[in-house]
Amino acid sequence: MESDRPLDALNASRNKKVLVELKNGKQVIGTLKAFDIHINTVLDNAEELEENQVKRKIGKVFLRGDTIILISPAE
Amino acid sequence: MESDRPLDALNASRNKKVLVELKNGKQVIGTLKAFDIHINTVLDNAEELEENQVKRKIGKVFLRGDTIILISPAE
Amino acid sequence: MESDRPLDALNASRNKKVLVELKNGKQVIGTLKAFDIHINTVLDNAEELEENQVKRKIGKVFLRGDTIILISPAE
Amino acid sequence: MESDRPLDALNASRNKKVLVELKNGKQVIGTLKAFDIHINTVLDNAEELEENQVKRKIGKVFLRGDTIILISPAE
Amino acid sequence: MESDRPLDALNASRNKKVLVELKNGKQVIGTLKAFDIHINTVLDNAEELEENQVKRKIGKVFLRGDTIILISPAE
Amino acid sequence: MESDRPLDALNASRNKKVLVELKNGKQVIGTLKAFDIHINTVLDNAEELEENQVKRKIGKVFLRGDTIILISPAE
Amino acid sequence: MESDRPLDALNASRNKKVLVELKNGKQVIGTLKAFDIHINTVLDNAEELEENQVKRKIGKVFLRGDTIILISPAE
């Protein structure tokens, strides 16, 4: 079940926990609910991390795609 | 009532209070009145926050989309 | 008289005084005369502010849209 | 003779002296000869300013639009 | 078997180990699984490097294309 | 022989010596051989300048347009 | 055999040694194998330079176009 396109791979993480690294150095962890071709991304139950510790709870969050460096499965 | 697209999720916050984080490090809280595909966003009754304290009242404000990192429900 | 689109909200400020914050940290106040979809913006009777004090008078000014963070009514 | 579009306002300065502020903090003053929708701009008899003093004469100059913050009449 | 287009060359590394350098100075090494015209890239078995040492294991990762400087075969 | 479009003005410098200022603060002087709508530019007999002194000879050079601040005739 | 378009000039260096300067200040030298309209570029036998000394051998490398300042023949 190989995926040739990056967005297919991202789709495999839908409704699963992911770690998102932002260009401002912050990390947000949460359940991947939605994304689009710009990589605009919606997480649920999101938390901001600092050195792998929860810094604050954000809940639902819309992340503008151009602020994202990487998205990685976190479960 | 799942939303597959990020802008649908944003739409669910219309007329509700949201927190917007900007690339210059500032935070603006206010009622989400409008947004478009560039994430150009209009808030009403907006306030600029500094360390979770209100720094100044802005009232109505148009935020250029490319300056936005994230938008999160705040109520 | 709700406006669903951000540019409609901006249009409501046409010929009124607005405060524009730029990405270089400067603030310009003036009468909003024109804008387009890139948020290229023309102000009349514009003044540059520094800590809420008028630093210099600019008069008419064309602001390139991608340099703008936010536009807010100022009257 | 109102202009609803920003580029119309810019057009009113054609063949007149304008001040251009660049994202690198420099200011260039000169006669506005041409511009396009990207705000690529050509000035004639241009001079670079530093603290309102002429730093050097440039003569004719093509400015790439994305480097421009603002253009303002200077006469 | 020359490739005239850059993406063809990238394609030759599919399912092979590559080193990716990011604009924030980080290096990620992993198996190239997918990429698109924006250079959005998916690596498997990815590891973050620091001075050629593994700093942390990431596993599967989606890298937003505009954050990438270069991609190079690593086997 | 007025030129209304910025690229026409640039075209008038073809095969002539121009000074190019780059966003990284460097200056390159050389004969303008080619350019396109992105302002991707080719110079011949190019030299890198530092404080108006030749720092090194580059010869032929392709400059990516988005790295250019301004282009000015240099003869 | 003049070339009016920048990419034609670049094409003349195909299969020849070129020096590429990147926005992060690094220099890469290698054989130009491929490029596209975004200036995404593939070099073969690439080496990273530091003050004109080889710092490390990279071999084949894909460079994302928007990270490139200039490309210059190096033989």
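Going in written order, the chains are labelled A, B, C, D, E, F and G, and every chain counts its residues from 1.
Please note the rule applied: a contact is a pair of C-beta atoms (placed from the backbone, for glycine too) under 8 Å apart; a residue touches a chain by one contact, two chains touch by 3 or more.
This is a predicted model, so every value here is computed, not measured.
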Rotational angle, Cα trace of chain A fitted to chain E, multiple of 5°: 50
Whole-Å gap between the CA centroids of chain B and chain E: 34
Between chain F and chain A, distance of the C-alpha-averaged centres to the nearest whole Å: 42
How far is the middle of chain F from the middle of chain G, if each middle is the mean of its Cα atoms, in Å? 19
I need the residues of chain A touching at least two other chains; which ones are they? 66
Could you give me the chain order round the ring, chain D to chain F and onward? D, F, G, E, A, B, C
Of all residues in chain A, those that touch chain E in their complex: 2-10, 23, 25, 39, 65-66, 68-73
Per the touch rule above, chain E residues touching chain A in the complex are 22, 24, 28, 33-36, 40-42, 46, 58-64, 66-67
